[in-house]
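Here come two complexes built around chain A, the first alongside chain B, the second alongside chain C.
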Partner chain A sequence: MNIVVRPHGLTWVAGHDHDHDRVATTLSGFWLFMMSDLIIFGLMFATYVTMLTPESFAGGPTPKELFELPGAAMETAALLTSTFTFGMASLAIKYDRRLSKVMLWLLVTLALGVVFLALEAREFTYMLAEGAVPQRSGFLSAFFGLVPLHGAHVTAGVIWLVMMLIQLNRTGLTGPASSRIARLALFWHFLDLIWVGIFSVVYLGGIA
Partner chain B sequence: MSHGFWSLVFGRVDVESLDFLKAFFHPGLNDIILSGAAWVVIFGAAVAAALLTRFRLWGPMWSKWLISVDHKRIGVMYIVLALIMLVRGALEGVVMRAQQSDGLHGGFLSADHFAQLFSTHGTIMIFFMAMPFLTGLINIVVPLQIGARDVSFPMLNSLSLGLTVSGAMLVMISLVIGDFSTGGWSAYPPYTEPNFQPGVGPDYWIWAVTLAGLGSTLTGINFVVTIFRERAPGMSFLRMPIFTWNALCTSLLLVFAMPPLTVAALMLAADRYLGFHFFTNALGGNMMNYANLFWQFGHPEVYILVLPSFGIYGEVISTYSGKRLYGYVTLVIATMAIGFLSFGVWLHHFFTMGQDADVNAIFGIATMVIGIPTGVKVYDWMATMFRGRIRFSVPMVYALAFMVLFVLGGLTGILLANPPVDFQVHNTLFLVAHFHNMLIPGTLFGLFAGYTYWFPKVFGFRLNDRWGYIAAFNWIVGFVLSFMPLYVVGLMGMTRRAVSYTNPAFEPWLHVAGVGAIFITAALVSMCVQLYVSIRDRELTRDIGGDPWDARTLEWATPSPVPAYNFPVIPHIHALDAFAVAKGAGLGYQEPVSYSDIHLPGDTYIGVITAVFGTALGVGLVWYMWWLAWLAFAVIAVSLIARAVLGDRHPVTIPAAEIKRKYRAWLEVVRATAPVTRALEWDYRNHGVAAAEYTKEAAE
Partner chain C sequence: MPAPKTRSREQAYRHDLRGYLTGFFLAALLTITPFALVASGTFSTSATLWVIGVLGLVQIVVHVRYFLHVDLSRQRREELYLMLFSAALVTLMIAGMLWMLFNQHARMM
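Now for the complex of A and B:
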């Protein structure tokens, strides 16, 4: 006779202290953090769009007067290329696994990130010198709430990249290092995505 | 000392801003109360420090608690914070009730002082009482209910606590130095802009809420990941205890609903500190953006507050009815439906602020729709009790009071969801009565029920039931007397946040409400006495077996107090209410076949560093002490980077042999302990081993 023994409720099974996938757990935490961050950007975008009215320009400069395509296009080019070079670094980790190659691509990414920040800083300085300061109007407040917030994120990403390069130099391509690069990659591509939004809504939308 | 140097070091602090001296400058009842409160904070801190020194507890407090990453200890610290803040918040409520009882043509408080009272009362009760309390319970219970060793990110957990504490510290410091905002807990601009409130008040609010909000976001992330990834093998989603489901929904709401608050508060900060025009009257600011942002946080927030309590009621009602939860799946669906709908109704907080009638109608209907899943829950709880062997324990008393009072409050909510009705009663005490009616029976009673229910699990002895009943009685009577009259005066047209009034018809009702405040004070005292008596008699109420209520979920399958590693080996789950099923089959206390080493995360200084320097950061920003703000920010940033670089330097490994020895010893004690029936639940003979009475049918 076949007796099916059904376990009752719970069983204490030894050795199953499932030391499960830490990398995946950390990555899911990071995804959630970015979802939360995305809400912040979404609300900044929403605020910006509500401030595109004559009342919020308050007699100050309008997007049409302020924004120029060449500057924004150069920033876009720098950031989009950096996302490509980061992708090359990720591929190098996955297939090639040569430390020098990974570090080289990350260095290029870092350089492009710095170029982006420099271009953005130049644009802001120019705007401020023209009197387009955030204190001038609700619209400019919203602009300086949204775009520099992205810039601050890129700055954080750049600092993280520097830390990453130091870590790679010291420890090589260990498990923790590549897991951290995976999260940084996610962050970097996320910022790229936000920038596509900024470029479309703020610059293209402003000039159109 | 030159003025320039003074302001460089101390920013805008001056003698006038020291609240504890105000009574000496302007002796009068108003300022005596103001300074008295400041002295209470100062003496309270001094007495606490003296006691810690006297009993040589600084060392243990540091090494066992402050630097610990154990989710149970972090949870307890959250709840201690919540209880301290509860005392302050409730007493502020009592002072406001006293003022309004006396408020016909005057009263004893100045309008400005009264405005600070309702602003701190709201801010504290939401952010520094209810939120830490529920976060504490989630911390303690969820990893145990899902059979995990700890949360997914223990260091982050400590960091979240540090951020919450620093926010609470700022609100406490505002009692001693400077004023708090007079703009209410929602801090609507343009009134909170510098041209109306140039002082430090709104700045205290901004930084307290921002720091605590950041902590809550991180807590949310931590628990979503914990519940998704740390569940014991076999615990599918539909085998998760109902409290864990509610905690999951709450955590998701924290992840997605806290950012709007952070955004709103930081935009307000940009207006105040840098002269931006997000919400100003002039130069194109738009305060409606603030209203939208704030309530996109604010409405999900009320579900953040109430869902954990719904979960607690589910556990409590099922346990004390000796039955499994009726309609478990419908409860799960209802919970997630409430979480989802909570994002689509924020506009009902400002029906009167100028939208189209159609927009109001849509949001009004959406609001009423939330009543449906909530109604499902109430019916499920009632059906759980139906034909159960109900024990009227303290948590059950809270649960029953909740069901009656909450339905009443829900009905007034349906009234308010109707825009034409809302136009009549918005901004009156009717609304104040409504949300206290939701939050006191809904959230607070649930938290008290959870506190009583899980206390033995954490500390290894039960709370005194006699004083528990007295406290519950006082809370319930106090609530009814304090807030039911407010519905009446609200309908009569008394506006909220009014320091005084001229209509004598309000007065008798407000006297009744004042009597209610006396009962609430008595409730607070009873809870203190209960804690004292329980600690004094702890040897008589020891929870040796770890299962004092014949409960059903996994946290009761392990010793009380729970060891740092929670379970000797990770359990495999084969059913909903796994522990009840196992007990029904006579297999409640099995010995694992073998054991293995357990690895636990090491202690961390990050929580303490965040609490101390987060507070310093807030103080620096509020008082324009820029050096302090920069220093504190740098310390926190460097510590976090250092931690990222160095990793966990002191992980702990507990050898299998030690776990085996301890667990076997515990099993021996359990076998030697006489099981008690439910009739003896509150008797001194209950040592936490339950006789098989109600669990049989669960095994079938």
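Now for the complex of A and C:
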């Protein structure tokens, strides 16, 4: 019996199925990346909260004046629904295996991601036009450090989704494609988790 | 998340689908509640902030459980430990930074 010992995440286990083992290893590696990313976001959140004192507003606009509940609610709805539709794509890959169904759910997710980015771009354009630019105050610097950082992640996720749709269209549901989509799913759900922090701390906390 | 061997494929599918639906329902509920609270302005600002904070933390647990599929099961132990350790680091860094800077701020005023 040939038992190969290879790294699996943080421990060493005997691997029986080579392909399955490699998928598990790359997923564990992706978890490490996400947790490092979580720490970057954590520090951006901490910086943002320290910039919520009246002195940090520097006579400029306050969160109450800047943020609007309906806009934040629409962005939240788009992202939350997209995390569910990605879940449906993952289920289609696991059980149904029909390419059309997988691609349809991924397309819906992509559309919702683009809607989210469009809403966010509209919000930023409005803020900049009002003179709420990053250099206006410490508070605005921290805001434009935190929220667009999340937006940049979503943009990366959208580009990744487009690439996966192209790959699926060309090669179908191969092992590597499924493995990549599994990592993209983790990334997408993770971004929605970060957004829970953003709408709670930045928008709801700012307007309350 | 491999389904137990006693379940048929159809049952496993239903089980997984129910997981996503439960997660989506709970997440929507935990999102709509604080938004409605802030919109109505029923409670005082500090009470509203507490509710937002607690519901936000609960929603994060819901997302981890139902979307990232990390639970207390043995197969998920590695991810769970990694996540808990990262959460501990983030908590230490955020709490330490806020404590230090707001203390400085209070002394400067």
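Simple rule for what comes next: the second predicted complex is superposed on the first by the 188 of 208 C-alpha atoms of A that agree within 3 Å, B and C clash if a C-alpha of one lies under 4 Å from a C-alpha of the other, contacts with A are read in each partner's own complex, and residues count from 1 in each chain.
As a working rule, a residue touches a chain if its C-beta (ideal position, glycine included) is under 8 Å from a C-beta of that chain, and two chains touch if they have at least 3 such contacts.
Being a predicted model, the structure only gives us computed values, none of them experimental.
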| item | value |
| --- | --- |
| Touching partner for A:Q135 - first (chain B), second (chain C), both, neither | first |
| First, second, both or neither for A:A118, with chain B first and chain C second | neither |
| Chain B versus chain C as contact partner of A:V162, first or second or both or neither | neither |
| Which superposed partner A:I39 touches (first chain B, second chain C, both, neither) | both |
| Chain B versus chain C as contact partner of A:G145, first or second or both or neither | first |
| Touching partner for A:S28 - first (chain B), second (chain C), both, neither | both |
| First (chain B), second (chain C), both or neither touched by A:A73 | second |
| Residues of chain A that lie at the interface with chain B and also at the interface with chain C | 9-11, 28, 32, 35, 39, 43, 47, 50, 53, 55 |
| Chain B-touching residues of chain A, taken from the complex the two chains share | 6-20, 24-26, 28-29, 32-33, 35-37, 39-40, 43-44, 47, 50-51, 53, 55-58, 60, 134-142, 144-145, 163, 167, 176 |
| Touch list for chain B against partner chain A, complex | 149, 152-153, 156, 217, 220-222, 224-225, 228-230, 233-234, 255-256, 258-260, 262-263, 267, 270-271, 274-278, 280, 282-286, 289, 293, 296, 554, 557, 567-575, 577-585, 587, 590-599, 641, 644-645, 647, 699 |
| Chain A-facing residues of chain C, complex | 9, 12-13, 16-17, 20, 23-24, 27-28, 31, 34-35, 37-39, 45, 48-49, 52-53, 55-56, 59-60, 63-64, 67-68, 78-79, 81-83, 85-86, 89-90, 93-94, 97-98, 101-102, 105 |
| Of all residues in chain A, those that touch chain C in their complex | 9-11, 28, 31-32, 35, 38-39, 42-43, 45-47, 49-50, 53, 55, 69, 72-73, 76, 80, 83-84, 87-88, 91, 94-95, 186, 189-190, 192-193, 196-197, 199-201, 204-205, 207-208 |
